[in-house]
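Consider the two complexes below, in which chain A is the common component and chain B and chain C are the respective partners.
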Partner chain A sequence: MTDDTKTQNWSEEFWYRGKLTRRRLIGYGTAAGALGASMLVPAPWQAAFGQATKPYKIGTLQPLSGAAAAGGKTALVGTQMAVDRINKSGGINGRPIELIVADYESKPDVGRRKAEKLLVEDNIDVHEGGFLSNVCLACEPLFGEYKVVNMIGVCLDTTLTTTKCSRYTFRPFDYAPAQAVAFAPYLVNKLGKTWHIAYADYAWGQSTRDAYVQQIKKAGGDVVGTTGIPLGTADMTPFLSKISGNFDGLFGIFFGKDGVTVGNQAYDLGMTKKYKWAGDGAIAESTNLPALGNKIEGFVGINRYVPVLEGVLNTPYHKKFMDDAVVRLKQIDPSGPLPDRYVQSNYEAMNALKIGMEKSGFRGREDTMKLIEALEGLEMKEGDDFPQGDKVLRKEDHQAFIREFLFDIKDGKFRILEVVPKEKTMFPPDCKFAAT
Partner chain B sequence: MSTMLGLLQAIPYEALLIQTLNGIVTGMILALIASGLTLIFGIMDVVNFAHGELFMFGAYMGVVVISATGSFWLALVLATLIVALIGAALQITTLRPLLGRDPLTTILATFGISLVMQNYALWQFGPVARKIPEPFSGQFTLFYLEYPWYRVLIAVLSAAIIGGFYLFLKYGTYGIWIRATTQDRVMAEAMGIPVSWVHTAVFGIGAGMAAASGVLFGPLVGVNHAMGLDWVLKAFIVVVVGGMGNLGGSIVASIFISLLEAYASIWVSPAQAVIVSFVVLILTLLFRPTGLFATPK
Partner chain C sequence: MSKRSATVYWIGFSIILALLIVAPLVLTEFWRRFLTEILVWGLLAMSSDILIGYTGMVSFGHSAFFGLGMYGAAAALLMVRPPNLWLAILYGLVGSAGIALFVAYFSTRLRDIYFAITTLIFSQIFYVIIFTWTEVTGGENGLTFRRPALEIPGLFSVPFSSETLHWFVLAVVTASYLILRRITQSPFGMVLQSIRENEARTRAIGYAVERYKMTAVMLSGLFAGLAGVLYALQNRFAAPDFVYFLVSGETVIFNVMGGIGTLVGPIVRAGFFLLLREAFSRFFTEYYLIPVGVIFIAMVIFMPQGLLGFMRRWLNQ
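After this line comes the complex of A and B, so read on.
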C-alpha cells in the first residue's frame, strides 16, 4: 500500500508538478535517441578499434582420421606451430588468429562439406591447409565461389595451379613439373637412361607421372612403361610382379602408407637390387623411415624438405624450426619422429599468408582482392618464417618455386646429394584465371 | 589344331605361375581374416565391422611384443592371445547386451567400435608407421623375379592356423559346443551348453585369428592405424560368396577369388582385376544368395 502510494506520488510529481517542461522533454528525447543510435549504428571508432582485438578466423582442412590421417596429423603440427608463433609475437596486424580445424576423414565428399561449413557457418577469413589432392580439387571451386583466399598446405596435384588454377588459390611450395625439371637430368645422367614408373593411381600420382615422362624424355632418357597402383592397396605384389623387362631404373611416386608398402614389397621382390631405385621423396619421408628399415637403403629421391642440419640447411632458422617441430611431433607420436615436408609446407604456408595479410592491411573477406594482389609475386626470404629457403609465388599461376634437395638414404639416414636452386626448377606457367 | 596350339603358346606360363603363387598367398591371408569374420556371423548373427581393426590391433600388439622381446614368434602368439582377450571383453561389454535385437544395432555397435579402435591406435601409437621385422629374409628365383620366402611362409602358417582350428572344431569338446551352438542355439542351451560363453569365446577366437593375420602381414606393409581397412571389404566379399557363417565356404572362396583376381591381372591391370571379385559377388547374390559353397539344408 505504501509502495503504491509512493509510486503514484513520484509519477504525479514527474508529470504534473510542472517540472517536465517542453524543453526538458526534447532534451530527454534527444539523449535517448543518441543512446539508441550509438547502440544500433557502429561508430567509425568502433570499427577501427573494435576489430583490433577481433581474431582472424583461419580455417584449415586436414585429414585427421581415415587412411591419410598419419600425414594429416603432421601437417596440422606445421600449421599450429606457425599459428602459435604468430599469436605469441602479437598476431597479424595486431589481431590474433583463431584456427578452426576441420577433419575431412580422408574423403573428398566430406572435404567439400567441411569446406562449405568453414566458409558459410564459421565464416572464415582465409583458408590454409588441404592434404589429399583429390580433396583440394574438390574444394578449390568453393573458395572461388565464396571469394576466400585458399593457401594450399600440401596438395601437389599439378592441375591445381595449371589447367584448374584459380585466382583465389596459392601453392607456396613446389609441384611435380618443377621437381621433374630438377630431378630428370640427375636420373638420366647419373642413374640410368631408361625408366619404368610405378605411381599412386590418383590425381597427384597421375600428374606427377606425366611430368616425369616429359622431363626424362627431354633430358635424353626414356620411360618404357608405367604402372598405376590404386591408393591404399595393401598388397602391391600383384602389380609389382608384372613389372619386367630391360630398363635401368624403377621410379616410384607414392606417399604415406603406400610409400611404406611399395618400399617394402619392391625390396622383397628383389626389384631394388635389380634396378636403380628412385622416386618422389614422399616414399622415404622421415615419418616412413622407421617402417621401411634397411629396405629403403640406397633409395634416391627428391624432396623440397629433408630434416638434416647440413649444407644449406645448417642455419639457425632451420635448427629452431626443427627443435620446435620435434617437441611437438613427440606429443603426437611417442617415437619422436623428425619433421617431414608436410610440417614444413604448412608452417611456411601460414607464414606466407601472414606476410600477405600484413602487406595488404587485410581486415576480412572484403579485402580478399587486396590480399590476392599482395600475394601475387610475393618474395619470401629464408629466415624464421621460411626455414626451407627463399621462394617466390609466381603471379601468373600462384605457383611457388623453391630449391629442391636430391638425397639418398645411407645407414638409415638422409644424405644430401645435390641442392637444385629454385632458378633451375622453373617451368612455364599454364594457367588462365577466370574473370573475377 | 593349329588354333589350339596357338592359344596354348599364347599363354604366358611365367606370369601364370607367378600369379598362382600370388593368388594362393593372398588367398590364405584373406582366409585367415575371413574365417574369424564368418565364424562370428555364423554363431551370433553379428556382422563385425570392427574385424579390420582387430587385425590392426594384432599388428600393433606384435610391434609392442617384438620391441620388448625381439622375438617374432612370441609376438605372433602373445598378440593373438591379447587381442583374443580384448575381443572377448568387447563381446561381453558391447555385443552381449544387444544379442537378439535388430541386427542393425550390432552393425552400428561394431562400426562404432571400429572408429574408436582406429582413433585409439592413432592416439596411442601416433601417425608414424611401425615395422614388424620378418623372422627370416631371403628369396628364391622365380623366372624374372626374386620371390620372398616369407610370403610362402605366410601362406603355410595361415593354412596351419586354419587347419588347427578346423581340428579343434571337429574333435575338441569346446569345438563341438561351438558347432552345436551354430547349428541350433536353443537346443544347445537346452543340452546344457553355456551359449553366452560360447559366443564370447567365438568372438575371442575370431579376434585372435584376425590378430594373427595382422602380425603375419605386418612385415609386408608397415603397421598403421588404417591397415585393417584394406582387407575388411575383401573379407566381407568372400564371406558372402562362401556363405555367411560357412567356415569351409569362406576359406574356399578366399582362395577362389584371389586366384581369379591373380589370373585376371595377367591380361588386365590388377586394379581392374579387382572387378572380378565384385562380379562374383553380384552373381552369387543373384543366383545363389546363400553362398557358392553353402550346403543346401
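After this line comes the complex of A and C, so read on.
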C-alpha cells in the first residue's frame, strides 16, 4: 500500500510538477525540429534525378524483425542492390525508383496491415518482396483488389502459383515441383533407388515431400518411408533414431536452424555414413555452413543458387553480383557471409519488374494490365540483371522455370555436380486465374 | 453510480459512439480499416478483462479462443456456398465456446500461476494441432476465403464495403460491451469480483466458486471467439499465428496497461498500442519496437493503474 502511494506520488510529481519553461520549450522544439529535418532530407534518388522526376513507388514487404528477421534482412539486401543499380543507371523509363520498405515482424496480421498501408497510403505502383509463405498468401488477395503487380521475392509455397494463383502475382524463381523434377533422376540413377524422406512437418515440408515422392517414383525409384519432424525441434534424435531399415538414401527437407539441427544430429547418429545423405539445398545454405562444420561433408543438395565462381557461374556478371552482395551483407552481418538464394531471388525479381515495366511503357497503376501482359511469358537472359542464368515466366501460372544446381559439400565448400537446364525442370501448370 | 455520474457516463458513451459512427466517413481507406481492426483487438482485450480484471485469473489461453473463432468462421465460409455471414458467426462461436468449455473444465481447478500455465499449455496444444494438420487447417499457410455479404434473409443482401464492415463491427463490439458491462454489474459479476478479492471467503459463504470460474472462462472465451470471427470477416484469412501464445501475451498487456477491471481500458490500450506501433514503424522501420518498448516500461512505472486509471485520476484533479 505504501509503495503504491509512493509510486502514485512519484508519477503525479513527474506529470504535474511543472509549467512549460523557456528552456523546456527550446529543448522540445529542437528535438521536434531535428525529427522534422530528418524527414525533409531528400531521398538518394532525388539527388541523382532532381526534384522534377516523379519516381516509381515500389513497395517491399519483408520480415525485418521477429522469427524470420535474419532471412528478411538478407532478402532486403538483394532488393536494395537491384534498386541502387537501376537508379545509378538511369532508372526505369527515365524515372527513378523510390523503395518503400515495410517490416511485418514475421506476423501475418502485421503483414496484411502493412500491405494495405503500402497499397492505400503510400500508393505504390508495384510490389516486390514477401518472404514468409503464410504472409504472401494472406496478402495476395489485396494486390488483386487494388490491381497492383506483386513480384514475389522468396515465398516458396507451391499453391501461390497453382491452386491459389492470381493474375497479379508472379514468382520469378523455382518451386518444389520443379526442383523435384530436376533432382529425382540424379537421386535415383546416381545415388540410390530407395529413399526415406525426413521433412519439416508443416505446409512447405509436406508439399515438398509429396513432390519428391511423386518424382522419385516417376524416375524409377521408391520412397520406403517418410518422417515428419515438428518445426523448430531442438532435439531431433528421437525422430531420427526411429528411421531404420533397408534403403539407400536419406533425403532431408528442412531450412534455417532446423537444417543445422538435422545436419548435425543425423551425422552424430551415423546416418550420414550409413545412408546417402541428400536433400533440399536450404539445409546447406551458405549461412548454415559455419554451424554445420565438417558434419555436412558429402551432402548432396539442389538449389537455384550457389555462391561459387565455377563452371557456368564463373561469369563476370555473377562475380560483380557476388562482390556487391558480400560488401552489403557484411554491413548487416560482420562475419561476412556469402550471398544466398534470398539475395539472388530478390535481386532478380526487381530486375524482372524493371524489364517488364520498360517493355510495357508502364507509367503507373493504370498500366497494370499492360505490365502483366509484358511479364507473362517473359524470357530473361543471363547477364547483369540475371546472374543466376536464363529464366522464363510461364504465362499460364506466372511461375518461372530456371536452371537448377546439384551440388555437394566438399572441404566445407560448395561444388557443383550438375547443372539442370530449365527445360528439364518443367512441371505442368495447375492454375486457373479468376477473371480480372 | 450516482444519477449525475450516470448521466455523464451515458453522454460520454454517446459522444464516443457517435464519433466512431462518423469516423469512416471522414477517414481515408487505410485508417478506416485500421480503426475497424482496433475495435476487433479491443473486443479481444475486453473479453480477457472478464478473467483478468473481474475474476483475478490471468489467462494465456485467449489466443486459442480467438483463433478457434477465426477458424470456425473460416470453416463456414469455405464449406457453405454461398458464404453466409450468420453461419460464420455461429460456427466461430460454437468453435470457441467448445474449446472454452474444454479449457475451463481442466484449468479452473487451478489457481494463480497454475491456471495461467494451464491455459498457456492448452493454447500451445491447439497451435501445434492447427500448425501441423495441414489438410484441414492449411497448416502454416492458414486459410484464405471470401467475405460473405451483409444480409438479413428475406430482407436484403449487400456486399460489405469498408464503411459497412466498420459499422457492423462497431455494432457487434458496442453490443458486446453493453452485455459485458451488464454482466459485471449483475450479482454474477459481483461474485466474480468477490472471487478476485478473496476466493476462500467466497467459497466459505457458500458460492460454488469453480462453477462461477468456469462460466467466466466460457463467457470470456465466447467473446474472444467473436473477436476472432470479426477478424476473419475483415481480413479474409485465418493463420495459426493467431493461436500462438504471443497473441495472449499482447492481450494481457492491453489489460494491464489499459486498466484492468474497466472493460473500456483494454480497448483504449489496444488502440493506443496499434497506433503507436504504426506511427513508429513509419520512422524507424525494423527498430520501431525499441521506442515502443521504452514507452511501455515508462507507462508501467508512471501509470501503474493503466492508461484509463491514469486518465481518470488526471480528470479528477
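One rule holds for everything that comes next: the second predicted complex is superposed on the first by the 384 of 436 C-alpha atoms of A that agree within 3 Å, B and C clash if a C-alpha of one lies under 4 Å from a C-alpha of the other, contacts with A are read in each partner's own complex, and residues count from 1 in each chain.
Simple rule for what comes next: a contact is a pair of C-beta atoms (placed from the backbone, for glycine too) under 8 Å apart; a residue touches a chain by one contact, two chains touch by 3 or more.
On a predicted model such as this, the values are computed, not experimentally measured, just so you know.
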Open item on the list: So in the superposed three-chain picture, is A:265 touching just chain B, just chain C, both, or none of them (first/second/both/neither)?
Closed with: first
Task: Touching partner for A:55 - first (chain B), second (chain C), both, neither - done: neither
Open item on the list: Output check: A:333 vs chain B and chain C. Expected answer is one of first, second, both, neither. What do you get?
Closed with: first
Task: Contacts of A:120 with chain B and chain C, given as first, second, both or neither - done: second
- [ ] Would you sort A:421 into first (chain B), second (chain C), both or neither based on which partner it touches?
- [x] neither
Open item on the list: With both complexes overlaid on chain A, does A:69 touch chain B (first), chain C (second), both or neither?
Closed with: both
- [ ] Quick one: classify A:107 as touching chain B (first), chain C (second), both or neither.
- [x] second
Open item on the list: In the overlaid three-chain picture, which partner chain does A:96 touch, first (chain B) or second (chain C), both, or neither?
Closed with: neither
- [ ] Pick one for A:206: touches chain B only (first), chain C only (second), both, or neither.
- [x] second
Open item on the list: Quick check on my understanding: which residues of chain A belong to both its chain B contact set and its chain C contact set?
Closed with: 65, 69, 73, 201, 228, 230
Task: Residue ranges of chain A in contact with chain B within the complex - done: 65-67, 69-74, 201, 227-230, 232-235, 237-239, 241-242, 244, 257, 260-261, 264-265, 268-270, 273-274, 287-288, 290-293, 332-335, 337
- [ ] Using the touch definition up top, name the residues of chain C that touch chain A in the complex.
- [x] 28-30, 33-34, 37, 128, 131-132, 134, 138-142, 144, 231, 235-237, 239-242, 278, 281, 283, 285-286, 288-289, 301-305, 310, 313-314, 317
- [ ] Over in the complex, which chain A residues touch chain C? Could you list them?
- [x] 4, 7-8, 10-11, 14-16, 35, 39, 64-65, 69, 73, 101-103, 105, 107-109, 112-114, 116-117, 120-121, 133-134, 137-138, 140-141, 157, 159, 164, 201-204, 206, 228, 230-231
Task: chain A-facing residues of chain B, complex - done: 15, 18-19, 22, 25-26, 29, 115, 118-119, 122, 125-131, 133, 139, 144-148, 150-151, 217, 219-227, 229-231, 261-262, 265, 269-271, 273
